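Dropping the structures in below, format is structure tokens.
Two complexes come next, and they have one chain in common, chain A, joined by chain B in the first and chain C in the second.
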Partner chain A sequence: MLDFIQQLVSGVALGCIYGLIALGFVLIYKTTEVVNFAQGELLMLGGFFAFTFIALLGLNYWIGFALAVVCMAAFGAASERFVLRPVLGSPQFSIVMATVGLGFFLRSVAGMIWGTDDLKIDTPFSTGVLRIGDLVLAHDKLSVIVATAILCIALYLFFTKTQLGTAMRATSENMLAAYYMGIPVKTVVSLTWAISAAVAACAGVLLAPITFIHSNVGLVLALKAFPAAVLGGFGSIPGAVVGGIIIGVIENMAGFYLAQGWKDVAPHIVLLTMLLLKPEGLFGHIGRKKV
Partner chain B sequence: MSDAQPILKVSNIESYYGPIMAIRGVSLSLSEGKIVTVLGANGAGKTTILKTISGVLDPLKGAVEFEGKSVQRMDPDKIVRLGISHVPEGREVFPFLTVRENLAMGGFLRTNRDEVAQDLERIYGYFPRLKERLDQPAGQLSGGEQQMLAISRALMNRPKVLLLDEPSLGLSPLLVKEIFGIIRRVNAEQGVSILLVEQNAKKALETADYGYVLEVGRVVMDDTCARLMQSKDIQEFYLGAKEDSARGERRWKKKKTWR
Partner chain C sequence: MRFIFKTDYDQDIRIFKHSGYWYSYSILLLVLAMAPFVLGNYLQSQLVFVFIYATVGISLLILVGFTGQASLGHAAFLAIGAYTSAYCQQHGVPFVVYFPLAGILTGMVGVLVGFPALRLQGIYLVIATISFGAIVEEILARWESVTHGNEGMKLRTLELFGQAVPRDSPGFYFLCLAVLILVILATLNLLRSPTGRAFVAIRDSETAAKSMGIDVAAYKVRSFGISATITGLAGCLYAHKLSFISPEMFTLLLSIEFIIVIIIGGIFSLHGAVLGAIFIVMIDPFLTTLKDDLPGMIGNLVHVFGADVPTASKVQDQAASIASAPGLKGAIYGLIIVGFILFEPTGLYGRWLKIKLYFQTFPMYKAATFKRQKTYVKSERNR
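Up next, the complex of A and B:
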């Protein structure tokens, strides 16, 4: 039983990371109908920025964390402006390839700047454990879960309670009508990328004590986060997080209870089953427009 | 029209959809506080004119002037900021946003909360039914209610010019009557100048002051609505009046005078 709970908690923690990446996929997909295959690289870059600020420049963890997130938000907006906007209006495939290319580019550049070794940041959560009876939970995993919850609440409030957040939802529902309302659609799209990149950066920094930072960290995670986004119903923000947690828990459980090899296959089996039985995903809705 | 300074003036615009020329040198003008209608069959280019004015389409040639300043090739959100609001064909409400949020989006550029609250009250006065549905997603409204919402949403920006694209599309005759009544009230009470594009020529001519007739991307006729309604061509081709010939049969091949 103890094993089960411990596996569950690490599964949820891992799943939260998947969920945060999936959230980035979904945010960008909803507003621009582009799947950003460089989402994992944004996470990786967030980790490297944090490493630079905290380990190399010796800043306080929280200041370094905040700086990394701000830098990544700016970076996200810039990639939208200079990589995506020029190809806007091209066939879908070209746009997707542009994001794949961006991912490759970022991976190589990160390798050139920061090297190919695994890097490590000392965080307040790196070593501590929480004991409840015989249960031992590592702080690094708990910090991921708590931070994801806070981020989700913050994003929820932003998207439902503020005028700008509502405008972003409106833009994702009907871009042309958003123009007719006087919503600056181009700025909104840049902002979407900024938020996605900032969320990815948070995930990258939170993940640093668990998996270390290296230039391929994003690729592996994004491959798992993609099923998470689909599982939640591509286009649903709560679905992305829930899908991520489900994938994370299944992966961890499969790794613990099943033979070797199942760990990496299990999420994709779940995905295929899901697509066969309920292709719109857990929270997806197929929009119909009245004429 | 002979009035001194039109609030909106379109001169010789040509717009394309890819290689297809949708409007071929259209000019029209809208005086402050008036309702002007553009009549025409499907594919005549009516919607294209409105899209060109609101900046969604860029004209290849020609000029769009609003309050004396040229606004062609400006971004659509900048044009809305100047005071031109567009109610698109087919309503285009935000389906998963509530009615309240849809209205809030209409007032996206507004900063004065008191004025926004006043405008909301006025809109509930025009369309009491929207007030009952404030917290429903707009996608769940009926077609007529969505049209009401689309018009209200555009009014939330306190526009000086309202571009209305087919407000009667898919509505019952009773609702059409109600909507056109409101359009006249908005024009009379708030002094909003309106450019109205309609298939329902009878309603449009009754509502508007001045009319343009568009065929395959060209203006073929323009006059005051009273005179247009008297015109034989308009009566036959747009209002559906039958003219019996000497032999008591309808002449199907009658030519329009402008051909």
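Up next, the complex of A and C:
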């Protein structure tokens, strides 16, 4: 039983990371219907930025964290401006491939700048543990769970209570109508990319003590985050996080209780089953168009 | 400019639109037939890879370009073809049997993938095929009694009618060329048939296709099946060419590479697959020579522009260190993909058409002929 809870908590922590990446997918998908295959690379870059600020420049953890998030937000907006905006309106598959190309590029360039070794950041959560009875929970995993909860609440408040959030929701509902209502759609789309890159950066920094940062970490995680996003219904923000947690728990349980090899396949099997039974996901809905 | 005088409705569906094509393609065929006797071993082997990549590219064009169904799982189909051949060869099945068998088996798997894909559109299909690829890769690594797991499988020399065809021989080259030509002809024939027209109709609008009485589901599954079959055949040749296969060769990156082939070549015509394959396969030796020669050239250039010798050699060292950095190839790949999508969305074949039209209409060429039409994002959420 204790093992079970232990696995559950680390599964939830892992799932929160998947959820945060999936959240980035969903934010971008909702506004522009583009699936950003470079989301994992944004996470990786966030981690590398944090490493540069904290380990190389010796800044305080929190300052380095904040700087990494700000830098990544700017980077996300810039990549939207220079890569995605020119192709907006062309077939979806070519847009997807443009993000794949962006991911390739970022991965290689990061490998060239920061090397191919595993990098490690010393964080306040790296070592401590929390004991509840016999249960031992590492601080790094708890920090991921808490941060995900905080981020979700902040995003929820942002989207429902602020004017900008409302403008973003309007853009995602209908871009053309949003134009007519005077919403600066291009700026809104850039901002969406900025937010999603910032979320990815948060995930990257939080992940740093759990799995080390290396240039391929993004690809590995993003491939698991797709099932998470689909499970929650592509386009639903709470769905992304819930889907991420489910995938994380399933993966961890499969790794612990099943034979070797199931761990990596389990999320994909869940995804395919979900697509067969309920393609719209747990929280999503697919509208019908009248012809 | 050539004006074709049409005297017959059949002219519209002829594979060769006019006699000029007969001449140009015969010359191309002649050149390709002489190539193995003229070129060195390395270039001949690269050409074989061009043929194999082009075959996969054509199978992808049928699915992605003409039926409009995205796939990032073709490496898995290739793997199934390759492993079928390897397994059959180890059990003494002759090539003439296991070559078609690799195609048929892969085609059956393709149909099986096609059925779930019926309910999926756009991005969901991309993700589902990625998952399919990941699952196949894991199966190959774990099903050790058949695939030998991560140790991989070795293939013996191909034997055709009792005659050994080593993988570097002109014989193997001609085998791959013949397969490519047959696949191209079959595909051209397919695309002018009702099936091919149904594929294109589904790509352009599923609703419209449905209302014209096209059984969308059946044709989508058929498209998956045909595409997978061709990829399986290519997989058999690929396995023989490499003579060793292991699961980590057939990852998502290979699928992406195949997609790059058709994006670079041009997604609307079969020429695209061949041009893209040439580009992707030949970029490797090109980059290698560039890596060796470019730093020296930059150093000389700096020297010509008035820098003294130490500065020039320093610049040369800098350039050399950048050129030999690991992962440079990935960065260049990424730049190529993004560059083509941004600036040349119709690919190399589109560029060729533009150049051709420029000379055909020489003083009258209008750049606006190929101007890209921008549309608002068509929502995929409401269909």
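Just so we're on the same page, the second predicted complex is superposed on the first by the 287 of 291 C-alpha atoms of A that agree within 3 Å, B and C clash if a C-alpha of one lies under 4 Å from a C-alpha of the other, contacts with A are read in each partner's own complex, and residues count from 1 in each chain.
Assume a residue touches a chain if its C-beta (ideal position, glycine included) is under 8 Å from a C-beta of that chain, and two chains touch if they have at least 3 such contacts.
Keep in mind that what you see is a predicted model, and the values were worked out from it rather than measured.
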{"item": "First, second, both or neither for A:L88, with chain B first and chain C second", "value": "second"}
{"item": "Partner chain in contact with A:A170 - chain B first, chain C second, else both or neither", "value": "first"}
{"item": "Partner chain(s) touched by A:A98 [first = chain B, second = chain C, both, neither]", "value": "second"}
{"item": "Chain B versus chain C as contact partner of A:G133, first or second or both or neither", "value": "neither"}
{"item": "Chain A residues touched - chain C or chain B, whichever exceeds", "value": "C"}
{"item": "Touched partner set for A:G58, first chain B, second chain C, both or neither", "value": "neither"}
{"item": "Touching partner for A:I183 - first (chain B), second (chain C), both, neither", "value": "first"}
{"item": "Touching both chain C and chain B, counted on chain A across the two superposed complexes", "value": "174, 176, 287-289, 291"}
{"item": "Touching residues on chain C, where the partner in the complex is chain A", "value": "64, 70, 116, 119-120, 122-124, 126-128, 130-132, 134-135, 138, 141-142, 207, 211, 252, 256, 259-260, 263, 267, 325-331, 333-338, 341-342, 345, 372, 374-377, 379-383"}
{"item": "Sites on chain A touched by chain C in the complex", "value": "29, 32-33, 35, 83, 86-90, 92-98, 100-109, 111-112, 116, 174-176, 215, 223, 226-227, 230, 234-235, 260-261, 264-265, 268-269, 271-272, 275-276, 279, 286-289, 291"}
{"item": "Chain B-touching residues of chain A, taken from the complex the two chains share", "value": "163, 166-167, 169-170, 173-174, 176-186, 287-291"}
{"item": "Interface residues, chain B side, partner chain A - complex", "value": "54-56, 75-77, 80-81, 85-88, 90-97, 101-102, 104-106, 108-109, 139, 143, 146, 153-154, 157, 170"}
